[in-house]
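Shared between the two complexes below is chain A, which pairs with chain B and chain C, respectively.
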Partner chain A sequence: MRINRAYSWALALLAPCLILLFWLGMPPIARPATPEEIGLKIAIESRARDDGFGNFTAKQAMVLRNKQGQESRRQLRVKVLEVAGDGDKSLMVFDEPRDVKGTALLTHAHKQEADDQWLYLPALKRVKRISSSNKSGSFMGSEFSYEDLSPPEVEKFTYRYLRDEPCGDLTCTVSERFPVDKKASGYSRQVVWQDKDELRTWKVEYYDRKDAHLKTLTIGKYRQYLDKYWRAGEMNMVNHLTGKSTVLSWADYQFRTKLKKRDFSKTGLKRAR
Partner chain B sequence: MRSPAARYLAALTAIWLAASIMAVETHAEFEIAASEFSGRVSLEGRAFPQTGIDASQRSYTTGFVVEPKLYLEEAGGSSFTLLPFFRYDSVDSVRTHWDLREAYALLYGELGEGEWEVRLGVDRVFWGVAESQHLIDIINQIDFLEHPNGEVKLGQPMVHATWTGDWGTLEFFGLPYHRPRIYPGRRGRLRFAGLVDRERVEYESGAEEWHPDFAARYSHSFGPLDIGVSVFDGTSREATLVCAPPACGGSVFPYVFIPYYSQIRQFGLDAQLTLDSWLLKFEAIHRSGERNPLGREEGIRTALIQGRGFEGILGQYREEEYVAAVVGGEYTFYSVFGSTADVGLLAEWNYDERGRRALPRRQPMTLDNDFFVGVRLGFNDVNSTEITAAFLTDASRETRNLGVEFDRRLFDQWSLHVAANLILSIDPLDVQYVGRRDGFYELHLEYNF
Partner chain C sequence: MVPAVIHLDRYIDAILRRRWPVVVLATLAMLVMTAGARFIGVTNDYRSLFSEDDPQLAALEALEDTYSVSHTALIAVAPREGLVFTRETLGAIEELTEAAWRTPYSTRVDSLTNYSHSEAFGDDLVVAPLVDDAQSKSDEELARIEQVALSAPQIAGRLVAHDGRVAGMAINVVLPEDSDPAVVELTDYLNTLLDQARASHPDIDYYLTGDAVIHRVFADATKDDMENLSPIVFLLIVVMAAALLRSAYATLAVIVTLMFTINTTVGFAGWLGTVFSPVNAGVPIIVMTVAVADSIHIVTAALAGVSRGLNRNEAITESLRSNTWPVFLTSVTTAIAFLSLNASDSPPFHVLGNLVAFGVMCALVYSMTLLPALLSILPLRAPRAHADRPGFFDHFAAFVIARRTFLLWFVTLAAVVLVMGILRIELTDNWTEYFDDRYAFRRDTDFVIENLTGMESLEYSLNAGREGGITGPGYLREVDAFAEWFRGQPEVTHVQAFPDIMKRLNKNMHGDDPAFYRLPADPELAAQYLLLYEFSLPFGRDLNDRIDIAKSATRMTVVMRSLSAQQQRELDTRGLAWLRANAPGLATPATGVSIVFSHLSQRNIQSMLRSTIIAMGLISFILIWFLKSLRLGLVSLVPNFIPAAMSFGLWGYLVGQVGLAGSVMTAIAFGLIVDDTTHFLSKYQKSRREGLLAPEAVRSTFRTVGQALWTTTVVLAAGFLVYSASGFEVSWALGLMVTITIVFAIAADFLLLPPLLMAIDRRKS
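After this line comes the complex of A and B, so read on.
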């Protein structure tokens, strides 16, 4: 009995120590996560919620406005194919302005290495491999750059969670993301607002390389497709430096179409119209 | 004897009959799921600051181009494209011409792990990566009447089959009919000294323009490297111009040359390495079977004096075999000085094994040892303003060309193109010396619909 009692006393003392050791041995579970870890977790989760969409097609219309309010229009069709274990493949075909009608851009995005891009010029029937390092350049004279329009691969940024705050009727997490390839990106950082329920992005603030607030993107008119995938209906980019803005409207989303890998080859690019 | 234009019409009709029968056989219930009508109209003017070397040539010309496009697509994805072309020229009746740039049916589907694609009819095909010349590009005849740079091409009747897989892309071309190059008429410029006969076209092959030509190409992308190997066997797209009496070599000017098309074989290689903002390019050909008069002037003169006919004169020409190459690259500075503009720098070196005996291929200049340096300034503005300058200099001779182009969209559907083609200097020993007075300026006002 005595021995037993002593044993149980020892056990009573040892148990908290063991628990403490166990706790220290697995810090991510119990130690409060760092803002960097929370930010990364949100990014991984947002990306994971888009997994399995397969493919989709949509129409894009852009209205470009300058400071004086003069408008210019762009129209294009987008086809996107999900690739398991790598970045998506996408094909953009321009309808307007009419002088570039039929011009098409094929992108094979990659998680780590540089994306592959080919441009099809219908007047010459020429397929041209182009440099994909032009991330910061303007897309068709609009306020969107190429990097603003490509889906954010988790690996291409580092993250920092900032705070939670109300956004409209929802509660949003506010995080910063920093490009890994600082040379290619036009930004030093982006601040992203995502609602906590569905992790939809509602607002992005872009800071240029000198950390000046360059542009603000507000996103809205979300709709859910296939009971799972949220897609924006409208994206409004305002450039605070120039006073110019671009409204990008999405329409005619079609998921899980007949699109196949072969439609995203160089031969498929020549067929695009 | 019927003119080549009439023969081409007959040829097209024959091919179209065959194509229609096939289309009906394979797609008995052809239902149109999508259709589209688009195109362009362009008002154009050209001015030559210097008078031509022949007094009948004019220094100004105006005209217009109409190029509508009809596209029909069937529910399964098969499609039909029709793209006719018409040019009116106020000065040169030959330059007023029409062409069927495209008229083809496109079918495709799965083939094992990959896919097959067939294009049947008249189409245009582009091969290559270089900018200063399109060395390996050979499927289509160029539309020399449109522009001497060889960028504009005539439609080529063909059966074009493609097989694509993870291992690359393999293409076969059956080219049943040859399109001769058409040269400007008496009052037109950029024709140099002589005229080229449009009625009499000579072929090495007894089948003449109906000689079946074949071509094949394999291409693939290995990460940053895009590579292609090609072969062409058939009628040359470049004419050997033969000066035979009575139309040529006498005292009546301008001389009228007879175009002669040899049977040639060409092997081509093209590669591009894309690394960050660098594009590194290489093209090379090995060609055999073409005839060359350079270096045989003595024999040709003797044959002329002896009054020997076309065959006798042509017999003096050397049948040759040669290698030519282009190597170079392109580097782009994006968003320069914090603006939205891009600046691209281009440099290429053109080589031809024949050296001074080199003949022009796709453009009226010989590129035997010539450096090309270019600048492309893209403003990336709402109007897509772009300025390009290209300087071409012969490393071993005093021949230098400068081309400057300005492009800008004016309104949603209107755009402007202004270009200057300047001959800075030209070596009297150059084949293109006859074109020394043909520097020009041009302006296009284009409406796209």
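After this line comes the complex of A and C, so read on.
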């Protein structure tokens, strides 16, 4: 068991292609896969199914609710560019609240090292770099953090497959993922439900540093674009500790638009509208 | 009355003839009730003190729901020597901060080391914890940390003492619906954490306080009172009953009856699913002291009969004949007084009142069934040296009769002087002072208040009136001016206000130029600075505890020095007046735990005032009806009312401050002291009807009931005196005030009532 674990840890740290090769090269009569290997395989596979989308744009509307029943809205547009061999680049332009209208957040996600982020402040007409490497802070006061919103990079976690169980009409695999860089994440682990057919994520449970169940994200209203890429229409995050919740609705998905790489640069950020 | 007497005789006869079945039946009843005791719960929720419709509590809960804050645990870290800005101490705080994140139910941790310090770095805003890896810091870096910490208004005076000797961390916890096990879990965690910290850093002292911790003390104090004080009272009653009755078998009968009463009452509480808190942890003590009076009256009279040569059953019959009515009456009046506690705004007092009322009625039932049966079974003998007491009361009666005019004036004068002390009474309830320093919580709290920061605060949710309004220059200016006004108040030690963050950001965005430490004028720029800052904050360090989700309101915290509740309410009133005059759009009263407590006694006194008066009126009417004499009934008011007033007056002179206890003291004490007056007046009236003149009637009354009244008073006073040994302020004050009142009551019954009766009856004849 110890050997297996060390083995799988090493696996997790190696490049995914190597692991894939390993897998493909393994004769079927070899020892059964460990839960860690199965978890990793699912993560790699679901990421792979999103390969080749190129770019897309969408609109997001958030409704924040606190325990008092008070509500507040956020409205933004997102643009995402697929980057070969590295994390995606994304641009978020805020439309609401009105006093931050035109503010834009540029993120260069990376597979291993910390993401780079810049914010354009229209009132100052300047771009400011965001210093924190921790992306688990509250996103615009909502129950989402940036970490929860961005597609998870395979390399930033280690995995463990738990079980299969029915979810609605589908069958889901349930697996855990653990952040590799503990300081960069607000969570000790996440438990993820993905259907076996399309590997769409339907539910994520977030466990905080004391391993208490902090939040639950449920995802729904999936639609398929370009006959391949599944995108969610609604995400509902509930904080069990504070009783607050945020509903995030996606709309107007458009794939393979005319976005260029330079739109996702610091200079492009200033032009973002 | 004649048919009633025949009924009574028939009843007594039946009990005495079937004494064994009576004992067996009573035992069965008691056992069935006692089985419920295992369902008794103890709560540690200090908020159980407040009623559900308490407006201050509702305001506090609204604030908590808006800002996702509820309870706080505060840890103070104090190196034995020097300042906290050393590698060792900062390292210790860093470790502790990291571990504090794992506190069960915690939502955020604010400490000296994880304070999100922002500064300009070239053109960028850098937000980082003030201390990251303390061990690696150079002396210059430590000096810079010290300079930043002591000049940051967010933390200086809150998370680090202005003199730099003590630092702290605040752990915000949100407790689940079922908070009792959660509180145990989290306080256990924190105590273990601090024990480990003490072991690895022996040169550093650690202190733990906060309203998350007081919950735990609440439960501990309840258990302490029930487990330590109740047995003492029980033993005391055994010893005193033995000393006063001077008969082992008589004492045994009294004690067995008492045990039956206590078991039945506590078991009944269990069957009802009662949850105890420190406020009503005294139920067993009060039931014991109050319930023993019935049996003492009956046993004393029975012993007197035996010593006059009657046989056992004759003596018991005679005792019941003369005592049934007074005992029934005093039980009913006591029960009425305790039931009046149901009007209290504080729910635990309902439990206290109802259970004691039940216990009193229970004592009545056992005294009329089990007790005579036991007395009839036990080989009761006349006590040997029973003769000296009547002798004492003969002398005493002679003194009172001879000096009646002097006593009338002297006692009246003394009463007036004492009652004047009421004016000195101040109503106060401070949660930081609810427990005395036998509890580590109180010692730690006192240390924190003296060395780090105040523990009492006013919380404001200041509403800008529109979404996103909090970055508007007008709003920021007004909130800032309000915060500055509070900083100028002598009672205030620290103010945490949102505009300070905006000033700091404005400075950061201008290359840390101190000239720009001022509010940004452009609302959009301010909102965008804020957004940038929020994106830079890591997990659990966000501003959601300071800003509502719509960015339409911010929370301001004003930390006060130790103030009485009245001073806190006054500061709140002044704050509201300032807002009305200078920022009417923001005008709102303060909330917070301190404010909720500061209104507690007042609300309770208001809610109890009417019910106390109703209970007193009802009891007085019962007395008038029982005595069939309006005149005697009115006379009875004097020794019934005056003792409570005298006791409040004495309290005003000696202590000055009274809290929750003051609201129920009158009702409780009234229910007890009215018994003595009833016994005294009924015997006096009987003597007068037998044709004695007033002085002779007084003499005869003293001879027959002096002993029993004295005995029950001593037991009551001793019981409540032990109750006052509680470490919980409300129980302590209640115990002591009731003790004082009982002493005043016996003085009024012995020194004031007889001269009054003689004066009135002389005029009449």
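In this section, the second predicted complex is superposed on the first by the 243 of 273 C-alpha atoms of A that agree within 3 Å, B and C clash if a C-alpha of one lies under 4 Å from a C-alpha of the other, contacts with A are read in each partner's own complex, and residues count from 1 in each chain.
The rule is short, and it goes like this: a contact is a pair of C-beta atoms (placed from the backbone, for glycine too) under 8 Å apart; a residue touches a chain by one contact, two chains touch by 3 or more.
This is a predicted model, so every value here is computed, not measured.
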{"item": "Combined model on chain A where chain B meets chain C, clash or fit", "value": "clash"}
{"item": "Touched partner set for A:243, first chain B, second chain C, both or neither", "value": "second"}
{"item": "Partner chain(s) touched by A:136 [first = chain B, second = chain C, both, neither]", "value": "both"}
{"item": "Partner chain in contact with A:34 - chain B first, chain C second, else both or neither", "value": "neither"}
{"item": "First, second, both or neither for A:97, with chain B first and chain C second", "value": "both"}
{"item": "A:119 touches, of chain B and chain C: first, second, both or neither?", "value": "second"}
{"item": "Contacts of A:212 with chain B and chain C, given as first, second, both or neither", "value": "second"}
{"item": "First, second, both or neither for A:68, with chain B first and chain C second", "value": "second"}
{"item": "Touched partner set for A:224, first chain B, second chain C, both or neither", "value": "neither"}
{"item": "Which superposed partner A:266 touches (first chain B, second chain C, both, neither)", "value": "first"}
{"item": "Identified clashing stretch of chain C versus chain B [4-12, 112-120 or 652-660]", "value": "112-120"}
{"item": "Those residues of chain A which chain B touches in one complex and chain C touches in the other", "value": "64, 66, 72, 97-100, 124, 126, 128-132, 134, 136-138, 140-141, 186"}
{"item": "Chain B-touching residues of chain A, taken from the complex the two chains share", "value": "64, 66, 72-73, 96-102, 113-114, 116, 124-134, 136-138, 140-141, 186, 262, 265-267, 271, 273"}
{"item": "In the complex with chain A, residue positions of chain B that touch it", "value": "36, 38, 40, 71, 79, 106, 108, 110, 114-115, 117, 123-126, 129, 151, 162, 164, 169, 219, 221, 223-224, 226, 272, 274, 276-279, 332, 334-335, 340, 342, 380-384, 409, 412-413, 415, 446, 448-449"}
{"item": "Complex contacts: residues of chain A adjacent to chain C", "value": "64-68, 70-72, 94, 97-100, 103, 105, 117, 119, 121-124, 126, 128-132, 134, 136-138, 140-142, 145-146, 185-186, 209-210, 212, 241-244"}
{"item": "Interfacial residue positions of chain C with respect to chain A in the complex", "value": "62, 65-66, 68, 101-107, 121, 123-128, 174, 467-468, 471, 509, 522-529, 531-532, 534-544, 547-552"}
